[in-house]
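Down below is the structure, laid out as structure tokens.
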Amino acid sequence: MAGGPAVELVNVTKRFGDVSAVDEVNLSVGDGEFFSLLGPSGCGKTTTLRLIAGFEYPTYGSLTIHGAEMGLLPPNERPVNTVFQSYALFPHMSVEDNVAFGLQMKKVASAEISERVGRVLDQVQLRHRATSRPSQLSGGQRQRIALARALVNEPEVLLLDEPLGALDLKLRQSMQVELKDLQARVGITFIYVTHDQEEALTMSDRIGVMDNGRLLQVGEPASIYEHPTSRFVAGFIGDINLIEAKVAGPDEVQLSSGRSLSISTRMAPGSSVTLALRPERLELYDPDEAIPDNHIRLPGKVSRKLYYGDAFYYDVEVGLEHPVEVKEENRPGVETYELGDQAVVCWDPSSTNVVKD
Amino acid sequence: MATEVATVELEERAKRAESRRGVLIGAPAFLYLILFFALPLLIVLVYSFASRSSTGATILGNWNLNSWIRVFDSQVAQIAWRSLWLASLTTVFCLVFGYPFAYWIATRSDRARGVLLILVMIPFWSNFLVRTYAIRFLMGVEGPVSIVSQALGGEPIRILFTNTAILIGMVYGYIPFMILPLYAALERMDWRLVEAARDLYAPGWTAFKKVTFPLSMPGVVAGSVLVFIPSLGAYVIPAILGGSNTVLLGDYIVSQFLSARNWPFGSALSTAVMIVMLAATIFYFRRGGRTL
Amino acid sequence: MTESTTAGRWSERLLGANGWLLYLFLYVPIFVLIVFSFNDNQRVAVWTEFSFRWYGEMLDNDAVLRALRNTLIVAAVATTISTILGTVAALSMERYRFRGQRSADGLLYLPIIIPDVTMAVMMLLFFAQAINIASHVVRLNFGLGTISLAHIAFNIAYVAVVVRARLALMEPQLEEAAADLYASKWQAFRRVTLPLIMPGVAGGALLALTLSLDDVVVTSFVSGPGSTTLPVYVFGLVRRGVTPLINAVSVVMLVASIVLVGISLGLQRRSGKTSPLIE
């Protein structure tokens, strides 16, 4: 294997007619990394995956795998395998023939094929179904066979296109854990496409968030979640409060209600910014309670209360266009509020995210 | 790192190679059809402008529009009208009896459907000439039905060689072509929509009229086309079941080449019939169907 | 489909009655024909006794046997070639994009739409011209060759329709998956595409065979002396009147076509696909 990151995209663009499905994407995925491409439908994440797999050719840009330029190689010449969303198992072949297919194409010796196929089927715990047809398997089993079929070839990079989308919730959750463990054991670089942010957050070493063909932010799950750099990323992952404000001074922003908050931005006075606040980072205090000095505060009135079992979600009217959503854990020691109660929304300055656009 | 121009060129080249491969793969078939179908079509068109010698031989010269003018002749119009009428009646009857039949099969249990379908497929795949002959045999003056009716004290039946016989023969021959597309459309339908209509207080007949029938329209169109077109140009059925005084389009065209020996006129006629059928098919499918 | 979607009880009865009546309509003529083909009497419809007499006569009849031989030869040749050509046409249209595809589409649908009289006329004029032009170099004639060429011409389109339908049903990602697993285009075709469209190819072949065996008009226009096929021969006999010999020959043709259907259904059941419909 040549040197270089497992997969590197430099200025990769894919245009279909006038539309840029993938727009100047720059990305570097390291060896052994579990990297997720996250975004809504149509954001270009699947197209990006297909560019890496070789089912599409980039309109321009460079695509290298371990340093070797691969942008224009056909898919059967790339050291990459794909797990398709629909699994794409060959219906007329048995499970073991499906799994053996790639090795047969590479003219591997049949003794070695049997051994490797057996091993990978053991890894996904489906050795006992080796002679069945795909139509005889359940959705979850088919998913594992699709995985086995790709893994047995020991590719340099494994691509997964929303592989868990068709499974029900419980199965999906257990498969997420299994996939993560598998990847850690096998050590192959995984590039995982999904629109489910929970999946991305729990499984990935790093996440790349895409929208409209552009790669908006790349980072570890914690940094994406806690420090989104754009309105879209903030709103796409988890719940978020987005509050418009105008910069009034180096340490001050003004809300549409006229109220000022002491928040530092490094922007010119007069510019518009958006405050992105996670509901779980906000706390509710009684108006006559003692609030830590450095906390930023917004007084208001509770307009809605939702019980989620493990938490309460409050909507608090603070004089802005939308209420602010606050999440408070449901455990002793945390005060609960009722509809109509006066309350102050507070948060530690470090929880403030200022995003542009 | 590849430059944009070079990359675009390569992508274009790959696309063109794909295209070329596609053409090459299909080439034997396309070439065959051009030689043995498109070319003959052209030749017929050319012949329609040719002239005819007094002995009936065709002269590929002396180009004229005589044959085409004759196509719009009143005698031809009469024959055309008769054929159109018969074809329309056939289609209507096939629809009237075939639709409930297809609906009935489509609403049976899975197992029953399989058997019922096979029972329809058997006549569908049986030799067409033989099926027509079977009806001919049945309807003859000396045929079994006649014998039976005579034994019961009645008259021998005299349907044969009338338009009615042709109609019965055509419905007999073509009704499977109506049933199968209809069944396919009904089977593919999302019946939950009918349930939804019922849930919204539509009584049975209304649910059918407003939901089922419109949704099965592609099947109705396909079936109608598959019945109307062959009925219009039918030759074998009228030849076996019809009388010598009922001239329909199929026989009229054939006679131009066998007895009347007026090839230019026959060519013009067959071209005209083909154009009408093409127009009817395109019209039908624009209106209510999908591609075949 | 639940109970609530079927018509009320009264309509149910009507539907069922229509259904069974239609089956009667479809089958009675055939059964009557079969029964009377075993009738010993020269006067066809008066039943005397059961006998194989007419089948015996059929086997002695040279004209019938020659026509049968011709039919089989033409059917075999036409079916084989049109299946291959129809399949490549289907592959070309469904898996590739190229300029002129719309015209190719038209070329592939037109033979299905035009009536057989038009087709017969086209073929007659074409071969007449071709033989004429070729006569400077070689003596060609109407015969089994022209019949086969004509049959192939209309069969290609039908095979193509059936195979295209099957191709369209196939998940396109399967071919991508094969490529992803290092298969070349040819390997992907041979190991994945071809096995999966086989039922369609077989269906198309069956259709071509049936159309070839059914054809009367086109064949009669392009056959020569001594090259009659069985359907054309029977057609000629029928126009002259009903004879018991025709009954026997018809029943043989009927049984043959039903056997073919049976074989195709059996094959399809084995490959797992149950619907033998064209569309």
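For clarity, chains are labelled A, B and C in written order, and residue numbers in each chain start from 1.
One rule holds in what follows: contacts are C-beta pairs under 8 Å (C-beta built on N, C-alpha and C of every residue); 3 or more make two chains touch, one makes a residue touch a chain.
Quick caveat, the model's predicted, so the values are computed rather than measured.
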TODO: With chain centres defined as mean CA positions, report which chain is farthest from subunit B.
DONE: A
Task: Which of B-C and A-C has more C-beta pairs touching across its chains - done: B-C
Open item on the list: I'd like the Å distance between the centres of subunit A and subunit C, where a centre is the mean of that chain's Cα atoms.
Closed with: 56
Task: Distance between chain centroids, defined by C-alpha means - subunit B, subunit C (Å) - done: 15
Task: Residues of subunit C touching subunit A in the complex - done: 171, 173-174, 176-184, 187, 191-192, 195-196, 272
Task: List of subunit B residues in touch with subunit A within their complex - done: 1-4, 7-8, 10-11, 14
Task: Partner subunit B, residues of subunit A touching it in the complex - done: 10, 57-62, 69, 71-72
Task: Parts of subunit B lying in touch with subunit C, wherever the complex brings them together - done: 18-23, 25-30, 32-34, 36-41, 43-44, 47, 97-98, 100-101, 103-105, 107, 114, 116-123, 125-131, 133-138, 140, 142-144, 146-147, 172, 175-176, 180-181, 183-184, 191, 194-195, 198, 204, 207-208, 222, 229-230, 232-236, 239-240, 249-250, 253-254, 257, 263, 266-267, 270-271, 273-274, 277-278, 281, 292
- [ ] Give every residue of subunit A touching subunit C within the complex, in rising order.
- [x] 53-55, 74-77, 80-82, 84, 86, 88-92, 101-102, 105-106, 135, 149-150, 153
